[in-house]
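Paired with chain B in one complex and with chain C in the other, chain A is shared by the two complexes that follow.
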Partner chain A sequence: MKRKFENIEVALPFFLFSALVIIPLLLALDRLIYVSGKMPWQVFSSLDEHYLSQDAIGFTFLQALLSTALTLAIGIPIAWQLGRYHWPRIRLMRALLTLPFVTPAIVAAMGFMAILGSDGFDLRGERSTYLVSLLFAHAWFNIALVIRFVDPVISNLDPRMEEQLRLLPAGNSRWGRLRCFWIPLMFPSILCAAVLTFVFSFTSFAMVRWMTPSNATLETVMADVGGAAGIENYQIYSNELVLASSTIQFLVLILALWLLSALQAKRSRTIAEVSESHSRKKGRTGWLVLIPALLFCLSPLMAVIRSSLRVAERGPVISHRWTLEGWQSAISGDYAYISIIDALQNSLGYAILTLVISLPLGWSLSSGIHLLEKRGSYWAKPLDILTMLPLAISGVMLGLGILLGIIRISTVFFTMWWMPAIPHIMLSTPFVVRLLLPAMRRQDPELIENAQVLAMNRWQILTKIRMPLLRGPLIVAGIIAIAMSMGEFGASWILVRTGAWDTLPVLVDQLMTRPGFDPLVKPTAMAAASLLMLTTLILFLVAERFRPDGDGGMF
Partner chain B sequence: MLRVEGAGKSFERILFEGLDLNLATGERMSITGPSGCGKTTLLRCIAGLEDLQDGKIYLDDIEVTNIPPEKRGIGLLFQKPVLYHHLDVAGNLRLGKRDADVHSALKEVGLDGFADRRCEKLSGGEAQRVALARALLAEPKILLLDEPFSAVDEELRSRLLNDTIALLGSRGTTAVLVTHNIKEAESFSKNIMTM
Partner chain C sequence: MNSKVVLVTLIAFLASISGCLTGAIDDKGMMIDERGVEVPTERVLTIVTYDIYGLTSERIMEFTNQTGIKVEMIKLGDAGAILNHLLQTKEAPQADLALGLDNTYLQQAIDRNVIQSHGANISNVMESAWLPYNGTMAVPFDQGSICLNYDTNSINSSQGRDVPTSLWNLSEEAWKGKVAIPSPVTSSPGRAFMIATTDYFANDDDETTNWTDWWSAMVDNDVIITSGWTEAYETHYSGGYGVWNDDHIGDANFVVSYCHSPGVEAYWADNYTISTSLTLDRASFHQVEYATVVNGTANAEYADLFIEYLLTEDVNLNMPIENSMYSVLIDSGLPADNGYLYHSELPSLNAQVSPEEIAENMDSWLAAWEAAMV
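Moving on to the complex of A and B:
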């Protein structure tokens, strides 16, 4: 009886999650096949035939591979310094260095635009700088992944592992220790970070849209033509382009996800053997790495705030003056359908809806996987991978899934304000699972067993034992879910069809696409981006206070 | 072979000061004393893993006080065996000697046929014997043993200690054993230092 109840408890959240993630995508696929009259493998060539998508495949792979290489080159030395040496205020430093990852992509894009724009280094006039600036923007966004994966492997390392090697012939040189110990130890974590960086760069939307406007990726192609897809006898090519792009993207991302899952298992085996805390040596020259790294991480954010406070004055030479006019116009909503306060309210509304659903759903999914793992069930691994599926499906793909799979079926859905929250829930739930599941695995099972022999029922064990013990990871997961929802851009950009529902990222994009001859447009957009950034920053810093020590992994 | 002169070390309190120690080539010595008296710290200082605050250490009449551990040619067996789980047993042994005859080395410590085993599958006693075989393969000038068998049961501990003594004796390896068990100290060497 107990087992039957547990099986339902495991199956129900997975059924809900699958319905939420898979059904819209299948419906969207069905609609695209129906409208275009072709199967996915019959439309690959359409990408090369249409001017909008020519070279999109090549550019998508190129920028993702180069971004990954640059991210590792910048991120590994930072992770090494953070993990290996003792630094004052290391928690704050870690928080600041990993902040870019939770910064909304649109804010990051605005930050780099501000640094490279006329009020900064003035490099946007040179097309040749576009790709390099995109690579640095992707590296900026993703170095947090390298830090989150690699730093705990080093910082939680039992120091005797290295000491023992120093006393053996194989480890009596730096190269020997690197070859025999550090590389094998860090390699799975570095590869995990590399795979995820590749995935996020491959599916990057806001940054590509703004940093390299002359080059399309599969993601931007889908976003550009997706609005016209799924309608019978209307712009047939758009259906083919979306079908081809999404199929290629899906196959690449599934492959990456499979690789990530295999690497994660290897990584957890490596970490399990070295999980003792110890006092670390003081770093002497590491500031040469960390100070530039902190400047690199914070400068785009500072640049957004700076640009929100400066207005260009045209004359023989363009000059800038300091003013609050950008903020005033953003608050009054002069340049958009709604003001930044209304957009913030919308974003918070969607975020709270996301939290209310994704946190209990993520908890139930994590509990289910953990229970299956304890039973040694074959199903634990596939279901673990299933929860990561939305990570591999981009925001744009999810948005199109909802648009084509649900809204196109009945226009009634078009007027439902909560529609954009669905992809937010889909995107944030994997983050919740990735934060809660490791915490559940670390929990001592005897604490639960002891509660059972004290005659506590399931509800009492949940509310009085499990939840209080996992309070820290629960708070972090909740805040990260809110932050993810607030920063989500790709799906919202596709689904938010009424100005009154505009979220802050959508508002920033709308403002930046307005003709730039009015000098107040850019500061207004930057003010909206600043508000979004500051909200995320506060959320993230609060989350960091509750993060357990030595917590590594994805986020 | 090993000479320690006027060694001193303190962590919030004095662990040892003015400590002298002399050990000839091929000789064995035991160091005993209550928990927290600085036995392990002394071994770590001799190995070069920690710095002495006072005093000097000589190996073969060459001062090694400020030489890094990897340059001293000293072997150390930790209390808890340190094996590298990304390598199998044979891989761990080859860290001690690249072209090691793994099978003979394992046979010597009574682990014949263990070459391909994963380290995480070994028991505490087996893991420590692999660590001992690896340390001996490296042919250290001196082998330091920091209560290496404290984690196994009494009967096995005594057997492992006897095997280790026989191995060290047959090779003429200079060795220092740290233990708080006076019986172990007595069976390991005639030369016993109490801290």
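Moving on to the complex of A and C:
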């Protein structure tokens, strides 16, 4: 009886989540197949037959693989330094180094442009630099993953293990310790970070669009033609291109996520851990790594703030003047339907709605997976992958799915202000699960068993044992959900947007794509971008305060 | 696993939905309150548009103050996105009025029954704005010609870089990799320019080549194709305001934009610009943007009122400044301030292609363009 009840408890959140994620996807797929008259495997060749999608498959893989390699090359030394040595203000440093990951890509791309442009390193004139700059931009975006996965493994390690190793023949030399101890220890975490970096580089959109304008990826192809998809007897090729791109993307990413799930389960079953304060040593030369790392992470963001404070002085000589006019026009809403203050309120409103739904949903999903894992159920892994599915669906497919789904169900939903929150919930829930599930796996099962012995009921176990113990990961998950929602742009952009509901990222995009004949337009856009960034930074700093020592979750 | 959390999840989800359903509007335009009772709603006009820059919040507020009709905006990327939206939501239209379909998309909207006749009282629109289309399905609200612009600093006769006298000049070595054009597949100005090339090469002296040959020659000459106007003009064009931007590349000396873009440049830069337009006969496209009433709307009357508002002198004469486009009102023109008018050249002969021809041939033109480019 109890088991049956538990089964329902597990099934219900998965049913809810599937309804949210899979139904729109299936509706979109069904529509694309119906309109194009072809099955997904029949349209792969169409990618090479069109100018805008030529070489997209090759370039998508190339840049994703190279980006992953560069991210690891930059990220591992940083994670090593952060994890192994004692640093003042380490929470602040972690927050700053993680900030790029939640920075909206369009803002980050603008920051990189400012650094690489004529006012910076002046590299944009040479096309051969485009791919390298994209790789660095992706590395910038993803090093947080390496830090968040690898740092806890090092910082929580019981120092006695290393001391014991030194007594053994293999531990005599630095190379020996690296080969026999550190590499096997860190390998699963590095692979986890690598897989996710690959996933995010594979689906990267704004960075590719701005950094390598002459190359297309599967994601940019879908964004280019996705708007015309799903309409009968109209631009049939766009349906074929979206179908082909999304199928390839989906297959590759589902494989990557399966790998990630397997690795993460392995990772949380590693060796005994201690509180990180036990294991830290004094660093000596580490600043040589950390100062450039902080500069690398912060300079694109500083560049955005700088651009918000400069207005072009048009004339024969290129010059700018320092002013707050960009901020003033952003606050008064001169160039947009709403002001940045209204947009911030909208963003925060959607973020809170996202939090209210995705946190309990993510908790229920994590609990369900954890329960199945404990039982050794065959279903644990597929359901674990299911929770990551939104990461494998492109923003365009997600948006298109919801759009087509809603048209079929009821158009009343179009007038509902909460509609744009759906993609936010879909995208933030996987992050909540990634944070809570490892923490649940780490929890000592004896605590719950003891509580049961003490005749505590389920509600008491939840509120008095499980939730207080997971308070740190829960708060971090909540803040990450808010940050993801605040930065989400791609999917909600595809959905119908009512001007009064504009969020900050949508406002930034509107201002960025507005013709900039008027010199105040760009600083206004940059002011909106800066506000978005600063809000996210504050959220992150708050999250860091609640993070438990050596938190081994995704962030 | 705990049932309470599941319960809380469900309650939160349902509460968020039910809270909003009380604000739902039924098919009679009535709002349903908490008790399920119909109550009259405020008068709301929903407009689907791309960012028409002239429609600032003050302008919208002014309309609301004059008529008591509240305006809601659905903002999309460009004219193509508006047509896509109208087609996708044809069975259940979301908007009452569409602003921004141009004469490259209008006929498709008419043929596919997504727009209906307007009832607005219009008498002050100039004749040239009615040239592409003069029926009752659409009302022009702004216009301009799309053509190549070039950076005058790039012209250097001693290096073989003269002002082109034919589009074929741009496929020569001197301009290799120096021309940026938005893709006709993804951009409205790009599409308009492609249409112009079909007419240009159909009427040139050379009968052995056609328009697709020119595009193929441009591919061989490393033409830069971008997904939208912004990227072509801001990022690639060396003669525009992009040079002041951080993301500027500046590798293109020619770009597809409006023939009056140099005038807009000058207006915002105290009469300074190095950009000018290349107004070769039939190599430009006269674009007219329309206000169209969405088929099946219950608020056609509000849409008509807005169209009339859009054509008042107060709003429409400001198009050159607020929307960087020509007004459509009789006897209107560009302002002379800061060299706006002086730097805005009018093509003597635009491409002559009717909306019907465009609608009929667009799919095959785009397919031919793709074939020429691959």
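Assume the second predicted complex is superposed on the first by the 498 of 555 C-alpha atoms of A that agree within 3 Å, B and C clash if a C-alpha of one lies under 4 Å from a C-alpha of the other, contacts with A are read in each partner's own complex, and residues count from 1 in each chain.
Keep this in mind: a contact is a pair of C-beta atoms (placed from the backbone, for glycine too) under 8 Å apart; a residue touches a chain by one contact, two chains touch by 3 or more.
Just so it is clear, the model here is predicted, and its values are computed rather than measured.
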Simultaneous placement of chain C and chain B on chain A, clash or fit: fit
First (chain B), second (chain C), both or neither touched by A:His424: neither
Touched partner set for A:Arg434, first chain B, second chain C, both or neither: neither
Which of chain B and chain C A:Arg314 touches, first, second, both or neither: second
Partner chain(s) touched by A:Leu167 [first = chain B, second = chain C, both, neither]: first
Touching partner for A:Ser118 - first (chain B), second (chain C), both, neither: second
Vertex chain A, arms to chain B and chain C (CA centres, degrees, nearest 10): 160
Touched partner set for A:Ser364, first chain B, second chain C, both or neither: second
First, second, both or neither for A:His138, with chain B first and chain C second: neither
Superposed model, chain A: greater residue contact from chain B or chain C: C
Chain B and chain C, minimum CA distance [Å, superposed model]: 29
Chain A partner contacts - residues on chain C that touch it in the complex: 1-6, 8-10, 12-13, 16-17, 20-21, 23-25, 51, 53, 56-57, 72-77, 80-81, 84-85, 87-89, 91-92, 94, 112, 183, 185-186, 224-231, 233-236, 241-251, 264-265, 267-270, 272, 324, 363, 366-367, 369-370, 373-374
Contact set on chain A toward chain C in their complex: 5-6, 9-10, 12-13, 16, 49-52, 54, 109-110, 113-114, 117-120, 124-125, 127, 209-210, 213-214, 220, 224-225, 227-228, 230-231, 234-235, 237, 303, 307, 312, 314-316, 318, 320, 333-335, 337-338, 353, 356-357, 360-361, 363-364, 367-368, 371, 403-404, 407, 411-412, 414-418, 458-459, 461-462, 466, 496-500, 502, 510, 513-519, 522
Residues of chain B defined as touching chain A within the complex: 47, 49, 68-71, 74-76, 78, 80, 82, 84-87, 94-98, 120, 134-135, 138, 140
Of all residues in chain A, those that touch chain B in their complex: 158, 160-161, 163-173, 180-181, 184-185, 269-270, 273
